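The chains carry the letters A, B, C, D, E and F, assigned in the order they are written, with residues numbered from 1 in each.
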Amino acid sequence: MPLLPLIEYADASPDVRAVYDDIMRTRGTDWINNFWKALANDPATLQRIWADAKQVMAPGALDPLVKEMVYVAVSATNGCEYCTYSHTAAARKKGMSDAMLMELLAVVGLANETNRLANGLRFPVDAAFNP
Amino acid sequence: MPLLPLIEYADASPDVRAVYDDIMRTRGTDWINNFWKALANDPATLQRIWADAKQVMAPGALDPLVKEMVYVAVSATNGCEYCTYSHTAAARKKGMSDAMLMELLAVVGLANETNRLANGLRFPVDAAFNP
Amino acid sequence: MPLLPLIEYADASPDVRAVYDDIMRTRGTDWINNFWKALANDPATLQRIWADAKQVMAPGALDPLVKEMVYVAVSATNGCEYCTYSHTAAARKKGMSDAMLMELLAVVGLANETNRLANGLRFPVDAAFNP
Amino acid sequence: MPLLPLIEYADASPDVRAVYDDIMRTRGTDWINNFWKALANDPATLQRIWADAKQVMAPGALDPLVKEMVYVAVSATNGCEYCTYSHTAAARKKGMSDAMLMELLAVVGLANETNRLANGLRFPVDAAFNP
Amino acid sequence: MPLLPLIEYADASPDVRAVYDDIMRTRGTDWINNFWKALANDPATLQRIWADAKQVMAPGALDPLVKEMVYVAVSATNGCEYCTYSHTAAARKKGMSDAMLMELLAVVGLANETNRLANGLRFPVDAAFNP
Amino acid sequence: MPLLPLIEYADASPDVRAVYDDIMRTRGTDWINNFWKALANDPATLQRIWADAKQVMAPGALDPLVKEMVYVAVSATNGCEYCTYSHTAAARKKGMSDAMLMELLAVVGLANETNRLANGLRFPVDAAFNP
C-alpha cells in the first residue's frame, strides 16, 4: 500500500484536476500515473513538481529522448523501482530501442564501477581537467 | 596522497605501457590521466577496465557524446569528484556546451528529487509501465 | 523470504526474550516487528542495536518526533523500503500528520536535487560557511 | 575550480539580479552564496530552484529549523560537502545548537546503519506498518 | 516483469550459449540465473561482464569467499535486492555460515553509520592516514 | 574546518579521557584520530560508537582483517574520504597488501556495476536464491 492514498481524478479538487488536465494534454494521454496521484495529497507540491518537470524535460539544448535516458540512468543508479519503470517507458515512447537501453545500462554500470575505483584509490584530479 | 602510487610511463612495465599507448592512440592524446596510472598498480585490472571502457564508450546505438553525458550524470549522482571533472572534460571535448551541461544537471537534479518522492511514498508501479 | 529466519518470542532464548520484553515495555506495545526478529539471529547484535536505538531515539536536545522524521528522510533517501514503512508508522504514532509527511518529503526531494547540482558543478564552500 | 564560472552580481543580467535581490531580501543578508552564483549560468534554472527552495523551506506544517535539519541529514547521508556546510550554517542561524547537531547526526548514523541491516536481511514489512 | 525479456538457453544464439556453457562449467551448475539471461539481450555485454566476473572473482590475493562477502556488503549498502540474494547464496555455497553473515552485516551497518558521522562533521584526514 | 571542534586529550573531560585511554590501549597506539575527537563533542555518542566498534570489529566468525576490508569496501562505495583513508590504514596494519587492496577494489567496482545492471533491468530473484 502507498503511504498516502492515491487521489483519483473523480475525487480531486479543482486545482488538482487542473494539473492532471495539463499533464494529459502535454503528454497526449488520457490517464494519470501513480506518481502524480500520490503527490496530489499536497496540491502545492503537485503543481511545483509538475511545473519543474515540464520545464526541465522540455526540448532545449538537449533533446527529450536524451533527457529521458539520463533520467533512467539516475534512477537505476539510485535503485528507484518506480522511476526505472516509468522513465524507461517514457524513453521508449520517445524512441529508445532495446539496443539503446542495453548500451545505456552498460554505461551506467561502468560509471558506477569506475566511480568506486576513484573513490577507493583517492588520486587527485589531473590539472588538465580542472584548470 | 593517493592510496597507491601513480605509475608513470617511464616507470611502467611493458604490459602497462602497451595499455597506456593504446589509451593515447585511441584518444588522440599524448598523456595519461591519473585514473589509469592508479589502476596500473594491478596490470590485469588496468587492462580489463580499459578494454571495458573502450567497448562501452564506443559509438553504437548511442553516440559517444550521449554516453559521456550519462557518465557525468551518474558521477554527479554518486558525488565522485574525480569522475565528474574527468567526464565533464571528455563530454566537452565531444561537443557538450555550457548550456547542455546546465540542462544535463537539471535533469540529474530532478531525477534525484523524484526518485526520493517515489521511495518515500511507496506507490505501486502502474500496470501500463510494467505489462 | 528473509535471508535468515525470523525468531519468534516462543522460540527465543532467554537473552533474546529479555530484549523483546524491553522493546515492548519501552514502546508500550505487545508485539515485536520483523527487524528485531531478524537481528535476533545474533543476540549480541540484537542487544547492541536495541541499546543504540533506545539511546539515540530518546528525548534529548531534539524531540522524538523530529528524530523519527529524520529517520524517514534518511530511509527515503537510501530507498530502504522496510525502514520507510516502519519509521513512517512510528512518526505517525508520535504525531506526524499527512501534511507533515508531504512537507518532509518535499524537503528530502529538494535536498537530494540540490546535493547533485552541487556535486555536478563543484563550486567551493563559501568562506562564511566554513570559517 | 568550479565546472562553470560563478556569476557575480556586478556581472549578472537583470533577471539574475532580480533573483539575487529576492534571495538577499528573503534571507536578510547582503551577499549571495556560491550555489546560486553557479546556477546563474542558466537563469531559468536559477529562477526555478530558488522558487522551489522558497516554497519548500517556508514555514508550514513543519517549522523551518526542522526543515534545515532534515536538509543536513540528507546532505550528510549523500556525502555532499557543500550542502553539509551551507545547511549546517543555515540551521545554526535558525537555532540549532551543537548538542542538537550531534543528536541529529546520531540519528542519521543509526538510520544509515539499520537501513543496511534491513537491506541485507530482506525480511518483509510487518502488516501493521503496511495496512 | 523485467524490462527486457529473459533469454532462455533454448532460444539463445550460439555466442550466448557459449557464455552460458562457460558459466555452468565454471560454477559446476546446470542452470543459468536471471542476471545472465537479462544481459543476453546484448551478447557483447554478456560476454564482457562474464569475463570481468570470472577474472575478478577468481582466487588471487583474496580468497573467493572473502570476495563474495565483499559483494554482499556492497549490495546491501546499495540496496540491490537481486544482488543481495544471489551473492548471499554464492557466499553460503563457498562456506559462509549464518554467524558469518550476521557479523558481515554488523560491519556493513557500522561502516554506513560512521561514514555519515564523518560526512556530517567534516573533520580532516589525520596526517598519519595520508602521509 | 570541521563543523564542531576537535576535542584534544588535554582538554577532554574525565569520561572522554576514559574512552580515549581505552581506544589507545585496545589499539596499542599513543594517539587518537580525528573521528573520535569530533565525536567527543557528545560524550554519550563517543562512548556508544566506540563500544559498538569494539564489539563489531573484534575477532569472531570473521577475522579482523576481513572486517577492515569490508569497511573499506563500504566506505569506497559511499565515497567517504575520511573512512577510506582511515580504514585502508587499519587494514594495512592488519596485513592487507597492495595486491589485496587492488583486488578488493576490483570486487567493489564490479559489485557496484552489476548492482545497477540488476536495478536497471528489474528481473526477478531466481527461486533457487530465495527458497
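Assume a contact is a pair of C-beta atoms (placed from the backbone, for glycine too) under 8 Å apart; a residue touches a chain by one contact, two chains touch by 3 or more.
Note that the structure is predicted; figures quoted are calculated from it, not measured.
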Where the contacts of chain C and chain F overlap, which chains show up? A, B, D, E
Via touching chains, chain A connects to chain C in a minimum step count of 1
Work out the mean Cα position per chain and let me know which chain is farthest from chain C. B
The assertion on chain C/chain E checks that the Cα superposition rotation, as a multiple of 5 degrees, is 120
The larger set of C-beta contacts, choosing between B-E and A-E, lies at A-E
When centres are defined as mean Cα positions, the distance from chain B to chain C in whole Å is 34
Rounded to the nearest Å, the gap between Cα centres of chain B and chain D is 27
Whole-Å distance, C-alpha centre of chain C to that of chain D, is 21
Set of chain A residues in contact with two or more other chains: 1, 3-4, 49, 52, 56, 77-81, 84-85, 88, 99, 102-104, 106, 108-110, 112-115, 117, 119-122, 130
Quick check on the complex: what are the chain A residues that touch chain D? 1, 44, 48, 51-52, 55-56, 130-131
Within their complex, state which residues of chain F touch chain A. 72, 76-77, 79, 81, 84-85, 104-105, 108-110, 112-117, 119-122
Write out the stretch or stretches of chain C touching chain D in their complex. 1-4, 6, 31, 33-35, 37-39, 49, 52-53, 56-57, 60-62, 66-67, 69-71, 73-75, 77-78, 80-83, 85-89, 97, 99-100, 102-104, 106-108, 110-115, 117-126, 128-130
Any idea which chain D residues touch chain B in the complex? 3-4, 41-42, 45, 49, 78-80
Please name which positions on chain F make contact with chain B in the complex. 79, 84-85, 88, 98-99, 101-103, 106, 109
